[in-house]
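Okay, so chain A shows up in both of these, paired with chain B first and chain C after.
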Partner chain A sequence: MSKLLKTSRRSLIKSVGAGALMAGTPLLGRFASAQSGAPIKIGFQQHSTGIGAAYGRWYGRTTEAAVKAINEGGGINGRPVEIVAEDDGTDPKRGAEVVEKFANQHNCDVAFGTLFSHVVIGSAPSAGEQKIPYFVVSEGHHVASGGLNRYTLQPGITDVKSQVQAMAPYVADNLGKKVTMIFPDFAFGHDHRDFFTAAIEAQGGEVLEHIAVPPSETSFTKYFPKIPRDTEVLYHVMVGPAVLTFVKELGEFFGPSSPAIFGFIDSLEAVDLTSPGLEFLEGTYFWEGNPRYAQADQSSHDKNFRAAVGVDENGASVSDPKDVSTYAHMFGCWETLHVIKAGMEASGYQGPSDRQKLIEAVEAMTNMAESDAHPQGPKVFNGKTHQVFGVQYISRVENGRLVKVHATSIEDTYYPDEVDYTTQSF
Partner chain B sequence: MDFGPHLLLAVLEGAVGAAVLALTALGLSLVFGVMRVVNVAHGEFFMLGAVVAWFIASPIAAHPAIGFVAALAIAPLVAGGIAVVVDRLVLKRVEYDPEATIVGTIGVLYIIQQSALMIYGPEARPVEPPFNHRIALPWVEWGDSGLSFYYPWGLSTTSYKLFVIVAAVAILVTFWSVMSRTRLGLIMRATQLDRETAVAFGIPVQRVYSIVFGFGAALAALSAVLIVPIQQAHYLMGHDPLLLSFIVVIIGGLGSVRGTVVAALLIGMSDGIISVFLSPTLSKILATLLVALVLVFRPQGLYGKKMA
Partner chain C sequence: MTVNARSTVLHLGLIAILIVLGLVLPTYHQGNLARILVLATYAIGFNVLFGYTGLLSLGHAMFFAAGMYGCGLAMHLADWSVLPALGMGLASAAALSLVVAVLALRTIGVAFMIVTLMFAQAFFLAALYLGEWTGGDEGFVIAQARRQLAGFALTEPLTRFFAALTVFSVALLLTAWLMQMPFGRILIGVRENEERTRMLGYDVFRHKLLAVVISGTISGGAGAAYAVLFGYVGATFASVQYSIFPLLWVLLGGMGTTIGPLIGAAFMFYLIDYASGLTNAYLLIVGAALVLLTLFARAGIVGEIRKRWVPWLP
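Up next is the complex of A and B:
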């Protein structure tokens, strides 16, 4: 009996070893040029739970798809990419802990991923302390405002300041000049409040009323009576688990006599436009970072991106048409991972000792052409402010679909630099 | 918005909140009154009601009313059943010790919440209301031709919101008559008054405890089923109702049905009105301040009896 056991253990080890070798061989071939075959580890700070969970799910799927695409194309510097995902609970304190964990426990090369601005603001100091490059996909103006540090970059998604500045002329020319704003009461919403107010005033318009709503709010009718009667345009942007309730109650409040409505699609990300109660949105306008519905002039890059992530032409999961994506934001994960790849290849990145070279390589980037790596559109990266700039889209709800009616130029989104991170020491 | 219509809208919003709050808080108050158990997991039974309602209503493709009625019947049973299991597995084992039950129910809170996260997921999902019509409300105005009606901008409610208020009142009346008119109510009240004497008179106190704990959870679940077509089901939704229920039962007097209803009206209406006119944060601040004042000047609550 014992003899049998002995033999079987040996043969087991042998066969496991042989199996591992066999399994490893195709990888060896594919990643042959690598000096070290060890994978590049990217720490992915994910909103798996908490108020950002819908975004977290789709950021996760996009990230998986991007890593698959990168690995199939030979990885980065010949090395495979591995994602280490950790839930930040959409909580700033937890977010900071997650970044520290990436640096100390998981030995990640870089950290990447999160969306909600308060989590980014809470986590960025940790990234600076741990000296780990932190690529955020957050939209907030906190990166370009100079409030963060040299280790934090936003190369895959544009910021709120540039977005709203590009929207204001369209709103003033087509919808009206007297605006009432409803926004979530935290950093991201405050960016909307401050920069849209300034932008619409620059167009000769004015904001009549600012209505701030806590992002964890579940019932909204009580906020709406503060909308002044002479409002021409209602500007709404909302986040959190209750966005559908928000928009539904907005419709119930106005009934048949509403002002023109301009919203950021954030108010309806991951929500089916055909949900009951949303009929009143017909004819209203939305900012979209990336058009959810495949448009008539869809590029081949958008087509490839949808196929890779598993999104159909209505912006929902191919396996479940009710599982609507966060299409206007999640391209940022795909593009950021491709920027990380480009940066690591430009700097000849080998390991954590090359982190500064990686940041300098990304800072040196400027034009990013529309391509499979940048399916949302062409972009220009500003190395000084660590912020990328790109085209923005305005869509109108027609027959329950979002139809693109306007695309801005990249120049429409520019504003003067507020910081030069390259002058900061590492 | 003019003051009058604005106030009417605030009262309507407040009434919906108060109605649901009264039901939820009643469950908490009942459990404390009869069992002397502070059920920290009460909000999670509320959440369970909403989540189970989604699981029941969403696969039913027929008219939304069918799914809703099914949810109204089944969700409280499920939540109540789980509560009975919790009573047998946790509360009974710690012998209903006041401190141990607090810690125990905190554990239950996390188990239910995280289980919901694993099974139901982190999304907020809507349950379709059985009916929902926007009702524009008229307002009177003293014009040139005397008193006249007009429809102010934005002054509206929905038929479903009115239904929630009516349903909550009906459930409250049923609850009150069960407690005061039936044998089950008598047994519960007897257990509440004096546990030892109740045992001496042959009341199966252990079984009463299980029923009460299940009943309390079922009330929370029932109010969640009523509110879920307005608010969506989400795994973290139990937090606010728990906090407000605690505020309500402390102000109303732990274990007092009348106090709970009065305090729920007070807190629900003031929450609605203050948050419409001023800010929702301020209404929370005032509610918490009220709790502090009640604890200082009338620790037994508005209608509570002083403990011996």
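Up next is the complex of A and C:
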């Protein structure tokens, strides 16, 4: 039995009332003025499970906050932004499948948000084939090395090569010139080994010993006796579930007398510095992509960023002080989404047929001033290598807090171009 | 119709259905099906050893990865074109499986599982250690422009689908034919009762050795096809979970059935794909589905169909 659809006077008044209410809402009113009210769909390739899950959780929170801020500011080209999140399991095979899903199933305008390098490299071919702009937030050197394609860009976070080499002048001038490096024996660690060794030698220093730790290792005490006695600086970087054990065992090994210790915060990302066993880190130095603890000279942009994401002045969740954020990396999601917004607005992006114009617009970007859109600091984007460059921070642990002691210049992070993606056809 | 004729009709019919699906499915599902066909080829290779010969390997990822690296490195480092590189992938997997077979087949049962697992771990760690060439855990990309075969771009969705279907069909028909031959019957004999097969005068070791080599080479062929069709080579594919996946696909689809690996791979793929669209805790749904299948369809999907309704299913 079918029912005739009749519009009664009462339901008409209801509809008109609801419509007026909607149009009266300031945000929706702004969107309604756009040519097309359909949302811009951004596929968010999230590490919700697998080894990257701790990062994925915070990348998710930052992404949500950034989209809320962008939408409150009128969206992109007057259209609201919608995030379509898919878990890639921190796996390159699933990552590639997820990119195809964004392009062909969800009809996303762009894909975004991948952190782990192997997932980026595994997914990039799909992005190139599907011709969907793929904005990664990975800090890997894979984009700038020229190994990927024109559809893959990294405009919101600096790469490991520039980070590592920018550390060498400070280490050589302030901590010592005889360095021993301890790093995981896979690609991420090898990047540190190769780039830092070259950079410290350029500063007149030397690496006495490279200690590579196999990825399956769960105890590290047997590696520490390999550290030469005349080491002035111990450079450490470790990732994965065993990082806390690594740092604790390092403390037990050295006791009160240790060389200067310089580490990448990756070793302790999402880990509370006041965890038992980490007391020995007092007085040691860390690279930080973005200072976890609010500093004395905190910018209003960092303040706004923390408030938007829900991070307190210690870098932990405002709702749970034990839930420490991945503060050194997650700003990359915020900044990348703002770059996507700027690129779409500069190119007058309307839909997937404008994807090439979007990439050209991002390639044309250069200076990105420190602002609410770029709270980590000023940046310079290199359109040829699809990689952004920016300031790096060195912090010292003082009273259980990371206190910024040095900020590099952007120039410290430069290296010669290794690729020109703009010469590749679409 | 004889059983053999029925099975030929079944396999050719399946390939015909897949051709039609490739032509009518929307782009997303066509792409998925291409991946599933390559993964199912890997599972077919695994099934030769596990389903038909009764040898449970927990290290098959090394064969898949050997094919992948053999093919990928030939293209990446030596600039080989697709066809010879695929040949190199097959040869690498065949050589590795021969070496592993000679050493691992000195053991049986649980020890065989552990030895294959250890070989695979050694292979995985070697891939990381040789990062200068293999790209380690990050891996490397095979450029889109290089992935051409006889003037066809393997990156074009329909071409890629038919390339994947070709690889799958060869593996399917080859194993189906093999299992109808006396050689295959002896493998099944080894699975059912190794001692009796030996007592009947068959060289069990030689048959098991050939089974490992055939199984490893088919798996390696799938790895090489994955590298060429999807453009990525990385150590993740040599890690332990990629040894567990084919076991799961074969168990789900039905061990010792020719079409079980395809059904199992497709089932798992779409289970994850749909469940992850519903909730972030999709692994819970996947786990529950697997427990239910284990409880109520112990022989796997195709195995259960064979047991209950279609006893002639190959």
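Just so we're on the same page, the second predicted complex is superposed on the first by the 394 of 426 C-alpha atoms of A that agree within 3 Å, B and C clash if a C-alpha of one lies under 4 Å from a C-alpha of the other, contacts with A are read in each partner's own complex, and residues count from 1 in each chain.
The criterion applied here is as follows: a residue touches a chain if its C-beta (ideal position, glycine included) is under 8 Å from a C-beta of that chain, and two chains touch if they have at least 3 such contacts.
Predicted, not measured: the structure shown is a model, and the values here were computed from it.
Classify the contacts of A:T385 with the two partner chains as first (chain B alone), second (chain C alone), both, or neither.
neither
Touch check for A:Q376: first (chain B), second (chain C), both, or neither?
Neither chain B nor chain C is touched by A:Q376.
With the two complexes superposed on chain A, say which partner A:S275 touches: chain B (first), chain C (second), both, or neither.
A:S275 sits against chain B, while chain C stays out of touch.
For A:P214, decide between first (touching chain B), second (touching chain C), both and neither.
In the superposed model, A:P214 contacts both chain B and chain C.
Touch check for A:T158: first (chain B), second (chain C), both, or neither?
neither
Please work out whether A:S48 is in contact with chain B alone, chain C alone, both, or neither, and reply first, second, both or neither.
Both partners, chain B and chain C.
Looking at the overlay, does A:S257 come into contact with chain B only (first), chain C only (second), both, or neither?
The answer is first: A:S257 touches chain B but not chain C.
A:I121 contacts which: chain B (first), chain C (second), both, neither?
In the superposition, A:I121 contacts chain C only.
Applying the touch criterion given at the start, work out whether A:F224 contacts chain B, chain C, both or neither, answering first, second, both or neither.
In the superposition, A:F224 touches chain B alone.
Which chain A residues lie in the overlap of the chain B contact set and the chain C contact set?
After superposing on chain A, chain A residues 48-49, 214 contact both chain B and chain C.
Help me check something: in the complex, which residues belonging to chain A touch chain C?
Touching chain C from chain A are residues 48-49, 86-87, 91-94, 96-97, 100-101, 104-105, 117-118, 121-122, 124-126, 128-129, 140, 142, 147-149, 185-188, 190, 214-216.
In the complex formed with chain B, which residues of chain A make contact?
48-51, 53-54, 56-57, 214, 217-219, 221-222, 224-227, 229, 241-242, 244-245, 252-255, 257, 270, 275-277
Once bound in the complex, which stretches of chain C touch chain A?
26-28, 31-32, 35, 121, 125, 128-129, 131, 135-144, 155, 230-232, 234-237, 272-273, 276-277, 280, 282-283
If you look only at chain B, which of its residues touch chain A in the complex?
Touching chain A from chain B are residues 1, 6, 9-10, 13, 17, 117, 121-124, 126, 128, 132, 134, 136, 153-154, 156, 158, 230-232, 234, 236-237, 240, 272, 275-276, 280-281.
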